[in-house]
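Across the two complexes that follow, subunit A remains constant while its partner is subunit B and subsequently subunit C.
Up next is the complex of A and B:
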């Protein structure tokens, strides 16, 4: 007889692990997390891990990001040091003509409580003297920061295990059936049964959704990142495009390519990224790159998170979003409310799967 | 060998740390790397690849030949960002023609 759980979460990245951890805090549910590989082998392990808020639009999306960023210090009290640093975020612009749209952004975000300063060149250089004098200005907010993604996912899992959550790694899901309201999940290693099922497989949610008979409207986007050798402290803030880690290495990159699940690095994007690095921080020209890496990210077709019930299947849920690192504390909290109480403390209607006109369910 | 023996010199990771990562379920070099930083330093696993593969092989009792090496990425060795940008001022790549063609004010040529 297959082992039965109250909840099975598919995907052990930052989103799935956070949901499992937050669910386990109540101690009422038997929970299993299944991953086709090992935690951090996918998107969560190939990111700069900004906790980025200030220019997330529309402003209600910015607000969600802000609420999640606000949860990070509390999360660290619970799961341990994930090297969360609220560094403040700077998004530079190079043309004075961009100032007007920067001011409009600041005005919009202020409506939901996100404080943005639109800085002059001198103000930017005062904050970050290493930035290029060619910069015309920047948007700045104190709320942005970054986190160590490896520590974050590892500690979510460690805390969940402490609360008796089970994990099954290197174990792809092959089939999902429903039998009298219970999900029967066939994996490479064994069969599991679940009363509630959560799809949190990032870019791979599309394939898992298909097993369930629903089309999750997301696409895969590749991002490539350069890693420098450890450098003396160069930048203090998270800068739109780069950040410096605790060990001194600078992570650089902001690229989006729709190439499916291909996670190779390519010389053209590496060179464009190197150019961006020097345009922002001229001193980086002298720094050595030790590695480049690429990750496959997920972007819902309209850019906003998909969170909540799968409307056509009772007790099936989905949690898939581009900014899983930023949103994971909030998503874990909200999904726990939804799975246990059936409703959420904040309004998540805009995140529903059936907002998509192209949403298709074959069941 | 002692459990405190360093396998990754760049990040100073020892055998015990690799074994702990394997114990928490990591089965591949890359999965161990993300837990421990083993192989993430300047040499990019050139030194520790086979040492770690051996530990995996012994811990999981799987033949060494079945343990995959880490994913290799550009650059092969640390490379200056200015070189990637490709606009370094002093280039030693020159034109064969301009090296030999007489200049206008070059009276002694020949």
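Up next is the complex of A and C:
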């Protein structure tokens, strides 16, 4: 007889692991997380790991990001040090004509409580003297920062395991059926049964959705990231496209390509990225690049997170989004509310799957 | 730059492949990250046995000179101090000298990037004075610097024992060979005899528990049959063995397979030495850790296959040459280790449907262990 759980989460990246951990805090659910590979071998392990808020639009999306960023210090008290640093974020612009839209952004975001300063060139250079004098200004907010994604996912999992969540790794899901309201999940290794099912498979969510008979409208987008040799402290803030890690390495990445699940890097993008980085930070021209890697991210077709019930299937849920690192504390919290109480403390209607007019379900 | 053939790596496999290809009228570029060619041959002072029959038995350094010199009058461009750093979307390969990146458009590519040394890890392993056995050999034979006074070697494969012998010949006091197993891994009688006569203690069932010292290694503690022994040591050479370098194949999208006897993970390839990515070939230690004879022969097989696919050799001629080379490779490699050749056959069988048909003309695939 297949083992039955209250909740099965498919995907043990930052989103799935966070949901499992937050759900396990109540202690009343038997939870299993299944991953086709090993945590951090996919998207969550190939990211710049920003906790990025200030220029996320529309402003309600910025607000969600802010609420999640606010949760990080509390999360650290529960699961341990994930090297969350609220560095402040700077998004430079190169033309004075962009100041107008920067001011509009600041005004809009202020309505939801995100404080943004629109800086002059001199103010930016005072904060970050290494930035190019060619920039015209920047938007700045104290709320932005970054985190160590490896520690984050590992500590989510460790804390979840402490709360008796079970994990099954290297175990792809092959089929999902429903039998009298119970999900029957066939994996490579064995069959599991679940009362509630959460799809949190990042860039693979579309494929997993198909097994369930629903179309999850997401795309796979590749981002290539360059890593410099360890450098003396150069930048303090998280800056549009780059940040400096504790060990001195600067991570740089701007690219977005729809090439399917292809984790290769190409010299075309590497060279473009390097040129762009030097335009921001001229000193980087002297730095050696020691490593390049690519991550394949998931982006819902309209750019916003998809979170909540799958409308046509009772007890099936989806949590898929581009900014999983930023949003994971909030997503874990509201998904727990939804799975246990059936409603969320903040309004998540805009995140529902059936907002897509092309939403298709075969069930 | 444009070329018929681009060879990544100017060690023995790359140089030999360049010679065979260019002798067939193929315009060739060889890229190597170092300032001089020859790869690991540059510090091999020992006599090389098991070379293909076209080469006389000789030491590595003279073989390197031969391999380099005979390229002089051929259409071979050497780009030393250049490293392959990636590929462009259009398939061109970017090689960089750290200042400038040159895109190279090549019909065919042979990757001969060789192998990297593996290390045993123990507390203190990052102290200066702890190095791989290959590094010790480079310091000694290429830089002409004695790497230490009182040494131990961890691991006992043939290469480690050979360098142990060279350390002694250069005046280093070799105070022990530390082997985790209950017997030596290496089997070259001559070298083992030399070490015995030199009075080098062989510690079997042993491992290093830690190395320590102020700023550099001064002391090593080994566990020998369960009891600890402290030694005054300023040079620790780690001889764990080699594993193929895989990054170029990852960038080139090649599929991999695992063969323990060939050094672990390596690119899959056919009897033509072509990888799963069309027009990308592999040879030398990158195609499985082996002896120098097999390194040179895989390079020649790859070069013949390139010549055939570029129309410089007819199919019959190329097939016949390859058969002879595979036969010679079988004999040379099996002399060292039957398991390696078995690993190769297994790797190719998993990748290519008709390996047995191709090779059964050469060997009886069921008798004789193949």
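Going forward, the second predicted complex is superposed on the first by the 363 of 363 C-alpha atoms of A that agree within 3 Å, B and C clash if a C-alpha of one lies under 4 Å from a C-alpha of the other, contacts with A are read in each partner's own complex, and residues count from 1 in each chain.
Note that contacts are C-beta pairs under 8 Å (C-beta built on N, C-alpha and C of every residue); 3 or more make two chains touch, one makes a residue touch a chain.
Just so you know, these numbers come straight off a predicted model, no measurement behind them.
K.L.:
Once subunit A from each complex is brought into register, does subunit C clash with subunit B or fit beside it?
P.N.:
Here the two partners, once superposed via subunit A, clash with each other.
K.L.:
After the superposition on A, what does A:74 contact: first (subunit B), second (subunit C), both or neither?
P.N.:
neither
K.L.:
Looking at subunit A, which partner touches more of its residues: subunit C or subunit B?
P.N.:
The larger set of subunit A residues in touch belongs to B.
K.L.:
Pick one for A:292: touches subunit B only (first), subunit C only (second), both, or neither.
P.N.:
both
K.L.:
Just subunit B (first), just subunit C (second), both, or neither: which does A:41 touch?
P.N.:
Touch status of A:41: first partner only.
K.L.:
Figure out whether A:268 sits in contact with subunit B (first) or subunit C (second), or with both, or with neither.
P.N.:
Touch partner of A:268: subunit C, not subunit B.
K.L.:
Just to be sure I follow: which residues of subunit A are touched by subunit B in one complex and then by subunit C in the other one?
P.N.:
265, 267, 270-271, 288, 292.
K.L.:
Of all residues in subunit A, which touch subunit C in the complex?
P.N.:
My answer: residues 264-268, 270-271, 288, 292.
K.L.:
Flag every residue of subunit B that touches subunit A in the complex, lowest number first.
P.N.:
25-28, 30-31, 34-35, 37, 40-42, 44, 73-75, 78-82, 84-86
K.L.:
If we count contacts the way the header does, which residues on subunit A are in touch with subunit B in the complex?
P.N.:
That would be residues 37-38, 40-41, 45, 150, 154, 167, 169-170, 226, 228-229, 265, 267, 270-271, 274-275, 277-278, 284-293 of subunit A.
K.L.:
Could you pull out which subunit C residues touch subunit A in their complex?
P.N.:
It comes out as residues 85-89, 94, 98, 101, 103, 250-251, 253.
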